[in-house]
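Chain lettering (A, B, C and D) follows the sequence in which the chains are written, and residue indices restart at 1 in each chain.
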Amino acid sequence: MQGESSHSWGLAHHFDSFDQQREASNLGMWVFLVTEIMFFGGLFTAYVVYRSGQGAAFALGSHELDITLGAINTAVLIGSSLTMALAVWAAQTGRRKAIVGFILATILLGGVFLGIKVVEYSAKFEHHLVPGPNFHWNGPEAPGVEMFFNLYFLMTGLHAAHMVIGMGILLVVAILAWRGAFSPENHNLVEGIGLYWHFVDIVWIFLFPLLYLLGRNIQV
Amino acid sequence: MSETITPVRTYLVVFLALMVLTAITVAVAFFELGPLNDIAAMGIAITKACLVILYFMHVRHSSRLTKVVVVAGFLWLLFLIGFTMSDYLTRGMISMQGTIG
Amino acid sequence: MWKNVPFFPEQASTLAGEVDALYFTFLGISVFFGLLVAGLVVFFAIRFRRRSEDEIGRPEKAGIWLEIIWSVIPLAILLAMFAWGAKVYVQAFRPPGNAIEYFVTAKQWMWKFQHPQGNREINNLHVPLGQPIRLTMTSEDVIHSFFVPAFRVKADVLPGRYTTVWFEASKVGTFHLFCAEYCGAEHSMMGGSIIVMEPADYEMWLAGRDSGPSVIASGEELFKLKACNTCHRSDSATLAPILHGVFGEEVEFEGGGTQIVDENYLRESIMNPTAKLVKGYKPLMPTYKGQMTEDEVLQLIGYIKSLASDAKEDHGAVSDSSSPDPVPDEG
Amino acid sequence: MSVTVTTPARRKNYLNADYGIKSWLLTQDHKRIAILYLVSITFFFVLGGVMAALIRVELATPLGDMVEPDTYNRLFTAHGVVMVFLFLIPSIPAVLGNFLIPLMIGAKDLAFPKLNLGSWYVYNLGAILMVAALLRGGTDTGWTFYTPYSSTFADSEVILTALGAFVVGFSSIMTGLNFIVTIHRMRAPGLTWFRLPLFVWAHYGTSLIQILGTPVVAIAILLVAAERLLHIGIFDPALGGDPVLFQHLFWFYSHPAVYIMILPSMGVISELITAFSRKRIFGYKFVAFSSLAIAVLGFLVWGHHLFVSSQSIYAGLIFSVLSMLVAVPSAVKVFNWTATLYQGSISWQTPMIYALGFIGLFVVGGLTGTMLATLGIDMHVHDTYFVVAHFHYIMVGGAIMGYLGGLHFWWPKITGRLYSVFWSKISAGLIFVGFNLTFFPQFLLGYMGMPRRYHSYPEEFQILNVLSSAGATILGLGYLLPLIYFTWSMRYGERASDNPWGAYGLEWETSSPPPTLNFDEPPVVTTEAYDYLAMRDKKTAA
């Protein structure tokens, strides 16, 4: 334990040691992620409720989604999770340039994901599958299909918003890392944003099967 | 208490496992397995999420408190979905036309 | 029984007495425990008041038995109250088999009623004494709530769905009808009266007004007008299921799943026919969403329900344990 | 009063450490942030109170002849939104909890001081959105935002108010997160979980609800806004959506939110009862765990708001029985408080009067709550004044009594000043009497069948409504007095000693007001909670 006088750079005044500070920061991030689980949880609940009532319509809706692009995006996002984990590893082992490199790679992969998402969204736009007054569906089950696309856009939109925020923070962290702000004792920021990024990945791990895959087996 | 550093090799193995699971889940989706389709898709998603949580997010080597926090988060999500569905799945189960004895 | 209690609502239904008995029992228990705690608090606060400045309290050993006693006793009482309350509640939402069905359509800010004989009323509803009456209710806009304090019944009225409540009036008179779910600017004006009459008076009241066609007759008319009868025939099930006797039966869906045919299922099948396709049929039926008023949908459903009982009369053997309640005699 | 004024003249403390507006607006000191919150929530309490006064004036006559129905609807919505989101939820946690938790656990600050300051700014941002909505004509959906009225039919500032509630929710999450991490990671050496003051336990339970529940209501009202703004209808019956799903999501948070209001208050009462009985609380562990039990079970009972909303009968049965279970830990607390009084050394100081009043009012609120959880009774009294009376007994009779009791108890610690004993007792009496006169008649009104949110009503309800309005006048006067004498005491009050009540607790061991870093020497805890015997022995030894 360090006393008041021996406070070193990066240790806030109200903590006694780096260990205490790191544990607090880590716990804080996890508690925040729990609130994120519940935040997305409201939408997942809506999805489960409506799918249980209108499975056929949801199957029709999922057939409209591009499974190839969805699968590629899943791979891209998991890849970005890997580079993020490696960035944290680099911080733990004190490799300054490697931190920057892995974070930039993470941002890049995130960008690819969002780019593909834009392609998907614009295809939906052309097919009048974007919710709102322009929504148009020729086949059966029009109300249920529209509900599916409402949920699709809200869920993937909220997810994409989380990615954009994450990429912004990652950029700041990369700059800080370049300036040498992190050390093996003190890299809570890298670890925190890492946890956040993995969480965003996990949300997608569930969104992909729920939106793209379930109901695929049903012939329509 | 200091951090446990996960070796790079572990990260790569986990990444490969996640890729394989993704491929499996996509492939399975096209076969008609009845209710097993949904179970497989969700089972694989949960497995993938667990891998990410345990290895990428270091929960495997984290304190008991962190583990409790993670479990509590998903438990509460289950409360939300489960108790809401307790309404939707049982609507109309006590028949409104029943006679009282 | 509770006539002389001030600030107490009239009891005008068979249910009212049951709700009140439950309420007063629970109130008695509450008053007992409330006074017990308040009495002890006041007594201790006076008896053990501080006598000198540096006095401190005398700590006692933890009383595990006390903790158990004052956890278990309240729990037991509460569970008993739960059971009693549940019994009354289930009763209130399960109409007896001989209940006559009235239709209710709520909208901002009025109540529209239709008697089975066809009479329509707005904001007032005349009903006969001593006859179980079942209301099938829906809303044209937001959520409303049908509330008659003298009957002790309340049920929300939702857009896009049917909800049900029933009562049997036990007292002649005029009773308040309120909307209990906030529904906008004129929420507090969305009320009216339930007028309970002697059955003979009720018959006279009905006879004295031009009732128009009965619900079933209107429904039958619509059935032809909307060309339902081109596919839903009584003699052939090739294009669409035969509707005779279908109400209250279990149907099996294309792609799995079953459901007992009730009002909500019929409504869904009219509004969104392909959502739950009966096994063996193609999605041919067009939607009737936006092409009929809520009142008309209710009449159509009333007609389809009447087909159920016709079928029973015709074939005699259709009915089993899950058979629907008989539709009121139209006279 | 047993107060000896021995404080040295001008000791450095958190109040005089620095001056100027910047030193307040950019402070990271939890004590100063608590004061900032105090100022904000007092403003909104007054604002919400004015709305309540207007409502009561309107309801004094059955005709609804003072304001238009539409205005009335906007008034009760504003009253609900302001009181719930801007006053009750932040009241005890953000003011007393913020000030006291680090002191009580012997820490220098909360774990995330910047986040703490940020939460105050986020709170004010949300509040500004809500006030903007009010200035643009207000919202008329009720604080519950029920769909499809809120999403499609209401023609008022729903989006601004909903966004305001959404933003304020994040401030609440930030506070809860900060408390959880602080209580886990920042406790002084020797301060084990079972030595924590019960106030801290109660806030731990509260924080759990804040972080687990708030996000769900956030997404629910975001969906309402999306439906209004972008026509993405999740609750729209035309798309096969179910308006009742909104009620599920809303009450998943908003029922536990009632415990966000009452749990901290229960924590305050536990402190007051022990301090003014000078005795260890009876059944410490039971009281501590009952806070957690309430927090957890509180999440499983939300469906009792939907008994007549077309929810399935089975779900109704499940939620009813679970609601009965959550009453048990509340009862356990009440019985333990009562048992603590036995053989105590009870001092009738102002905070204790609030505490004893709290017990009485909470018992009424709690028992009527179990009646509402009984299916057969709720069917009749749901959405009537019975419900209004019940939740005001919990929120006003419970939460605000606890808040005011706590404020009177810790005021000398917060400001270093004493307030008028005479006027504070008068005010406590007025509040108790005025409160009962206002809200007791509403139970009768409810059972008679008067629905809530009614702007005009049948004549037979008038006598009780007039009584209620008369009581509200007394209640308003009772609330006005503390505003005056507290303000007065900040400048002219007698200086307080470090421990004016002779109470047990780390917060009483530091000076009044405390120094910026809370303690001159980092405290080490060696005794159990509320160990008045050890405290006396130590004093005698010294």
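Operating definition for what follows: a residue touches a chain if its C-beta (ideal position, glycine included) is under 8 Å from a C-beta of that chain, and two chains touch if they have at least 3 such contacts.
Every value quoted in this text rests on a predicted model; they were computed, and no experiment measured them.
**Q** For the chain pair with the highest number of C-beta contact pairs, give its two chain identifiers.
**A** Counting C-beta pairs in contact for each chain pair, the top pair is C-D.
**Q** Whose C-alpha centre lies nearest the centre of all protein C-alpha atoms?
**A** Answer by centroid distance: D.
**Q** Taking each chain's centre as the mean of its C-alpha atoms, give the chain farthest from chain A.
**A** Farthest from chain A by mean C-alpha position: C.
**Q** In angstrom, rounded to a whole number, how far apart do the mean CA points of chain B and chain D lie?
**A** So the centroids are 36 Å from each other.
**Q** Would you kindly tell me how far, in whole Å, the mean C-alpha position of chain C lies from that of chain A?
**A** Spacing between the chain centres: roughly 45 Å.
**Q** Report, in whole Å, the distance between the mean C-alpha point of chain B and the mean C-alpha point of chain C.
**A** 39
**Q** Spell out, as numbers or ranges, the residues of chain B touching 2 or more other chains.
**A** Within chain B, residues 65, 72, 76, 80, 84, 88, 92, 94 contact more than one other chain.
**Q** For chain A, write out the residues touching at least two other chains, lowest number first.
**A** In chain A, the residues touching two or more other chains are 23, 27, 31, 34, 37-38, 41-42, 45, 49, 53-54, 57, 143-144, 218.
**Q** Which parts of chain C, given as residue numbers and ranges, touch two or more other chains?
**A** 90, 93, 272, 275, 289
**Q** Considering only the defined contacts, which chain A positions touch chain D in the complex?
**A** For this pair, the touching residues of chain A are 12-14, 20, 23-24, 27-28, 31-32, 34-43, 45-46, 49-50, 53-54, 57, 131-133, 143-144, 146-147, 150-151, 153-154.
**Q** Chain D touches which residues of chain C in the complex?
**A** 7-9, 18-19, 22-23, 26-27, 30, 33-34, 37-38, 40-42, 44-45, 48-51, 53-60, 62-63, 66-67, 70-71, 74-75, 78-79, 81-82, 84-90, 92-93, 108, 141-143, 145, 147, 149-150, 152-156, 158-161, 163, 176, 178-189, 272, 275, 289
**Q** Once bound in the complex, which stretches of chain D touch chain C?
**A** 2, 64, 69-70, 73, 140-142, 144, 146, 148-149, 152-154, 237-238, 240, 242-244, 277-280, 282-286, 307-310, 313, 316-317, 320-321, 324-325, 327-328, 331-332, 334-336, 338-339, 341-348, 356, 359-360, 363-364, 367-368, 370-371, 373-380, 382-384, 444-445, 447-449, 451-458, 464, 502, 532-533, 536
**Q** Which of the residues in chain B end up touching chain D in this complex?
**A** Its residues touching chain D are 65, 72, 76, 79-80, 83-84, 86-88, 90-94.
**Q** In their shared complex, at which residues does chain D touch chain A?
**A** Those residues of chain D that touch chain A are 107-113, 115, 173, 177-178, 180-182, 184-186, 211-216, 218-220, 223, 226, 230-234, 238-242, 245, 248-249, 517.
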